[in-house]
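This structure is in structure tokens; I'll ask about it shortly.
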Amino acid sequence: MQKYICVKDLENAALELLPKATRDYYKSGATEEQTLAENSRAFRRLRIRPKCLVNVECADMRTKVLGNEVCLPVGISPSAMQRMAHPEGEVANVKAAEAEGTVYILSTIATSSIEEVARAAPKAIKWFQLYIYNDREVTKNLVSRAEQAGYKALVLTVDTPLFGIRRADIRNKFTLPPHLKLANFDGDLSTKIQSTKGGSGLNEYVNGLFDKSLTWDEIKWLKSITRMPIIAKGILRSDDAVKAIEAGCSAILVSNHGARQLDGVPATIEALPEIVEAVKEYNTEVYLDGGVTTGTDVYKALALGARMVFVGRPALWGLTVGGQSGVQRMLNIFSTELEYTLQIAGTPTIADITRDMVCHENFYCKL
Amino acid sequence: MQKYICVKDLENAALELLPKATRDYYKSGATEEQTLAENSRAFRRLRIRPKCLVNVECADMRTKVLGNEVCLPVGISPSAMQRMAHPEGEVANVKAAEAEGTVYILSTIATSSIEEVARAAPKAIKWFQLYIYNDREVTKNLVSRAEQAGYKALVLTVDTPLFGIRRADIRNKFTLPPHLKLANFDGDLSTKIQSTKGGSGLNEYVNGLFDKSLTWDEIKWLKSITRMPIIAKGILRSDDAVKAIEAGCSAILVSNHGARQLDGVPATIEALPEIVEAVKEYNTEVYLDGGVTTGTDVYKALALGARMVFVGRPALWGLTVGGQSGVQRMLNIFSTELEYTLQIAGTPTIADITRDMVCHENFYCKL
Amino acid sequence: MQKYICVKDLENAALELLPKATRDYYKSGATEEQTLAENSRAFRRLRIRPKCLVNVECADMRTKVLGNEVCLPVGISPSAMQRMAHPEGEVANVKAAEAEGTVYILSTIATSSIEEVARAAPKAIKWFQLYIYNDREVTKNLVSRAEQAGYKALVLTVDTPLFGIRRADIRNKFTLPPHLKLANFDGDLSTKIQSTKGGSGLNEYVNGLFDKSLTWDEIKWLKSITRMPIIAKGILRSDDAVKAIEAGCSAILVSNHGARQLDGVPATIEALPEIVEAVKEYNTEVYLDGGVTTGTDVYKALALGARMVFVGRPALWGLTVGGQSGVQRMLNIFSTELEYTLQIAGTPTIADITRDMVCHENFYCKL
Amino acid sequence: MQKYICVKDLENAALELLPKATRDYYKSGATEEQTLAENSRAFRRLRIRPKCLVNVECADMRTKVLGNEVCLPVGISPSAMQRMAHPEGEVANVKAAEAEGTVYILSTIATSSIEEVARAAPKAIKWFQLYIYNDREVTKNLVSRAEQAGYKALVLTVDTPLFGIRRADIRNKFTLPPHLKLANFDGDLSTKIQSTKGGSGLNEYVNGLFDKSLTWDEIKWLKSITRMPIIAKGILRSDDAVKAIEAGCSAILVSNHGARQLDGVPATIEALPEIVEAVKEYNTEVYLDGGVTTGTDVYKALALGARMVFVGRPALWGLTVGGQSGVQRMLNIFSTELEYTLQIAGTPTIADITRDMVCHENFYCKL
């Protein structure tokens, strides 16, 4: 794995290895993919303002999320059907997270079950990503099983009444490969990602089963069935962040669903500051995913107020290239790059990364 | 038609099918085509700020324009000589609008007559686009016939004392193909789009026949000969919008004539906000055309205050590719994309699309 | 000439026809040619805000400069050694200006003499561009001859203590072709554009002969030897514009010498507004050259306060392609494009072009 | 050397001549090389505002740095291991600086020793760049030897607790070529730039030997062992500049280490103004390196308050192409370009370059 020295290396290798339909599924964004590009580009518009001659002998990347210590402020975002990338799929992924001491978020529509994943990495900090099905018994069952299996938080996706338009999936008539199942379900629910109307099988599945009528009141119900803290994933506006907190959520994951839901929404690093500002008085943790591919991206998000960042596609690239080792390599790359950044920026610990360490490029146009 | 999944697909297919002179005529903009490019690019500079966990079960794209309900806030802008694209031309186009429940605007210089179009789609909401000829009897005749035939509004083009410089038409010495006629006229007026001076035949026609001395006083005369409401098409400045209303117009269509008149004018989505602001106190409907190719473009225009948008070239691409079915496919694509947008943005009905749902990208540079 | 329908067509044709050293000499800008590109690009950042339904039947492009009526607010800027482009050089150029009723500015370092040019086009409005030689008798002689020959103004170049670094000329060891002479001089002064030190022959000439010690006091001396009004050419700052006027200049030509003097200076259309603002109280005419290639460029400069614009390279391209007819074609293209612009923008005469007709693109980013 | 007429020419030639590992080592920036590109691009966003009709007969590029007169405000920045570029390495480089009357800064990790360099160019103004080794005796030895050998200042690198991630060096497993040594050291310290862990040998060396625990207190110690003035190299923030001065530094070198330390930091010309502003009250000299490749770049830095600029890579390109003559050619190019700039901008001496001579491009967007 040593030959892959940056996330881009892993991506390039993975894109070569994956069959077309899977590759397209993983890499696509909504419609014209403007936001997909912006998720990365927006990081490039920020500048780090390094401090000199600070004692950085003891760089320390540990931080706490929801009370749990992680070795690295980079966790793994939920992505669906990871066995399409590698035979061990979610299991390899969670083991990598365990080995590197970070958080793994399992998707509802995973190809490994809640229990399998828990068993594979008992010491990993595992969170469970939840889609709410029309059939509330199905939902309730997922939640209880996750709690039972030791998952530490519920990551409720709040941006998905249906799945966005991903043109490649439509053209490919994307379906779950026949040897795989949605492992958290039985019967139809586990296999129905099939294209019967000539478009994306995944969109058919979601349109048929997910509840489009959800409101913030749902949080109350969720809290009535679980003691796990709830993280609202998919927030892009400060008013929604406040609603989430007032509805009972414990944390906010600023996300645009990998730019896969609606094209033209802000890059997540663009949306972050207003949300951090809005929740300041509640003392709520804010996380971010979307477009993070380097250690400096992580650093910028932390400086703007994220407690932790999550990466989705980078884990899939690592998984494709080398299973658990590939994911660990990916995490190691982030770890190395972030450690260099902490040291060269003169902020050896996470707590040292104050808001003034990063500015928008426009800061330098005032001349 | 299912294989065309976005407007760009239809455009690409149409550009392959059309003969060079027609293709160039349809796709060109004025001189250097800077505004042509900006009409699209300006939409890309806007961001949608989606709301989460809103009940979006009942998405509803219906709206009312000038008192008539449409199923979709996307109508068909006038474009000249549509039988160059397909043998059924305007007739196929209006039937598609009828089938999809939206507005069709017939051009004065159409290759199907006012009456033919009316007969073909009796239930469609039809508006008639008017150019004022030097010979006012000609003009009067057009207006009465449109009113007689059940057209619901007069769309007066206010940006065309003459036609802009379209270099490809000059190079091609553009003429109306010999088997076609301007169907609303007899004799010379119906065939004179001929290049006799070595440039664009269309420009010769327009320069010879259109009245360059028009002022806002003309509205008074028009109102004296028809009861149809008058929509001023081609406004790009707030002061002109106010003049139009004070002169008696019932609505404003913000347009730069498909970027075909004067290069360097603003993109229509750039011009929209100041016009919406200016007419607010008059409670006048504002529409927009120009550069709209996706459902998110429609959404952005509505958020900035347009009651409805119109598309010209997309209808021509659909028409070229599949006649009536092609145009319906185009409208269906917009419908699907807009419905997704309404749902994922958390604004299930048109009325829900408040101004704060969209911002300029600069909003995110204030950091 | 009809096949050339825009200035770019003439440019492309000319670049194919010219021998390398001449082509490079004409088209180059200083060092990295950043300003050369900006001269055009800066026009693209401006938007025209057209007015609708204005009576534009009587478009009129006439204006007055220094009391003389011109048919078109586009004159011909001085450029050196025009016989390199065409055997008739300056003579063909001035005849074109005469035929089209506009101003021709003859360069000091022309390949046709002051008198030849005057004889060729007795009715043209001719101005004489002046470089001040170390030898003041030489200078005085030029000025008296120009006045004698009926030139109407002295265009004093104020940005050229020496010629800028033009890399192509250095690489080509640019020299005046042996069959040509600087026709305003005798002996050495007429032939010395020779590369003896392995760089640009023109730079050697200028460095050896031009007076680098000039200050604004020189205007006084010039006024003592001529009654021609003096136009200061090469101003890019408001304070210099005021100095020019207070020193006795009658008009300002905002110019960066075709981006040939110093790379990194502002585009001329960028510099124009502050200068117009600064000289407002003096009621002084301001002109502009640099990067003007379309009728909308002319319009934008007029809207920002220029009384007239001048074009250098476009005349050279026309000259190369067709001698006098080529230059007339170039002027006709500007004339046609500007007339369309006046009419479609709803400002039929030059006096109608008020400041609000044009704005910076940023005007549309305030959203 | 005459055929190289700009720094880019030297760069192109050098890149062809150098073996891959050396070429990559010299040209690379940190990780994604965003800052590397910005170091140049940021200069392009500044505009020079030239003044006309100033007597520029006596252009004079002399200035004083730390009390020493230089003929040109362009010195040579430290870069490591210059014998990789040319057999005479640092010796050729310093001789060029001596011949052209400017400053040469010798790197700690040079392939020629402090004494060799001093002997080769006794009259050159030599400064010694210092890295502080964990072993303070090593450091002390370097400092005393430099003072002894007549170096006039200590340039303390303050941005390098470790070396940045340079991907090419990792891929190349960069090592010091076997025939070369770090000439300021004996034994291991002189040869240890070896890749033993499969990455960059240089990073291994630095990580093992440099002191990561340095703080501004270290300046006190340095001042206790030398009378040379100390220049803090690598400052990018105004607060750090103030800290440096208050800790006892005599000057500030604004630098991002050739964009080699941390990607995403500001371009040096972006960082310069806030630092100049902050140190104004201390009357401290400020220098700059990074991205300077033309005379107008030098001019812009001086206008924004730098007393002198330094160039690293340009010296390496000159050295590669022609040893001492190549470096002199490079300095001559800067000298010529800067002299032209002084004259055409109407500011014949360094003292004439006031702050208003340069503005940000945004200055011209206020329209």
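Order as written gives the chain letters A, B, C and D; numbering starts at 1 within each chain.
By definition in this document, a contact is a pair of C-beta atoms (placed from the backbone, for glycine too) under 8 Å apart; a residue touches a chain by one contact, two chains touch by 3 or more.
The model shown is predicted, which means the values in this text are computed figures rather than measured ones.
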{"item": "Other chains in touch with both subunit B and subunit C", "value": "none"}
{"item": "Angular offset of subunit A relative to subunit B [C-alpha, multiple of 5 degrees]", "value": "90"}
{"item": "Copies subunit C and subunit D touch via same or different residues, half shared test", "value": "different"}
{"item": "Separation of mean Cα positions, subunit D and subunit C [Å, integer]", "value": "42"}
{"item": "Whole-Å separation of chain centres (CA-atom averages), subunit B against subunit D", "value": "59"}
{"item": "Shared interface positions of subunit C, touching two or more other chains", "value": "46"}
{"item": "All touching chain pairs, where touch follows the definition stated at the start", "value": "A-B, A-D, B-C, C-D"}
{"item": "Interfacial residue positions of subunit B with respect to subunit A in the complex", "value": "2, 5-6, 44, 46-57, 294-296, 300, 336-337, 340-341, 343-345, 364-367"}
{"item": "Of subunit C, residues touching subunit D in the complex", "value": "31-32, 34, 42, 45-46, 158-162, 164-165, 167, 170-171, 198, 212-216, 218, 232, 234-237, 239-240, 243-244, 261-267, 270-271, 273, 304, 359-360, 362-363"}
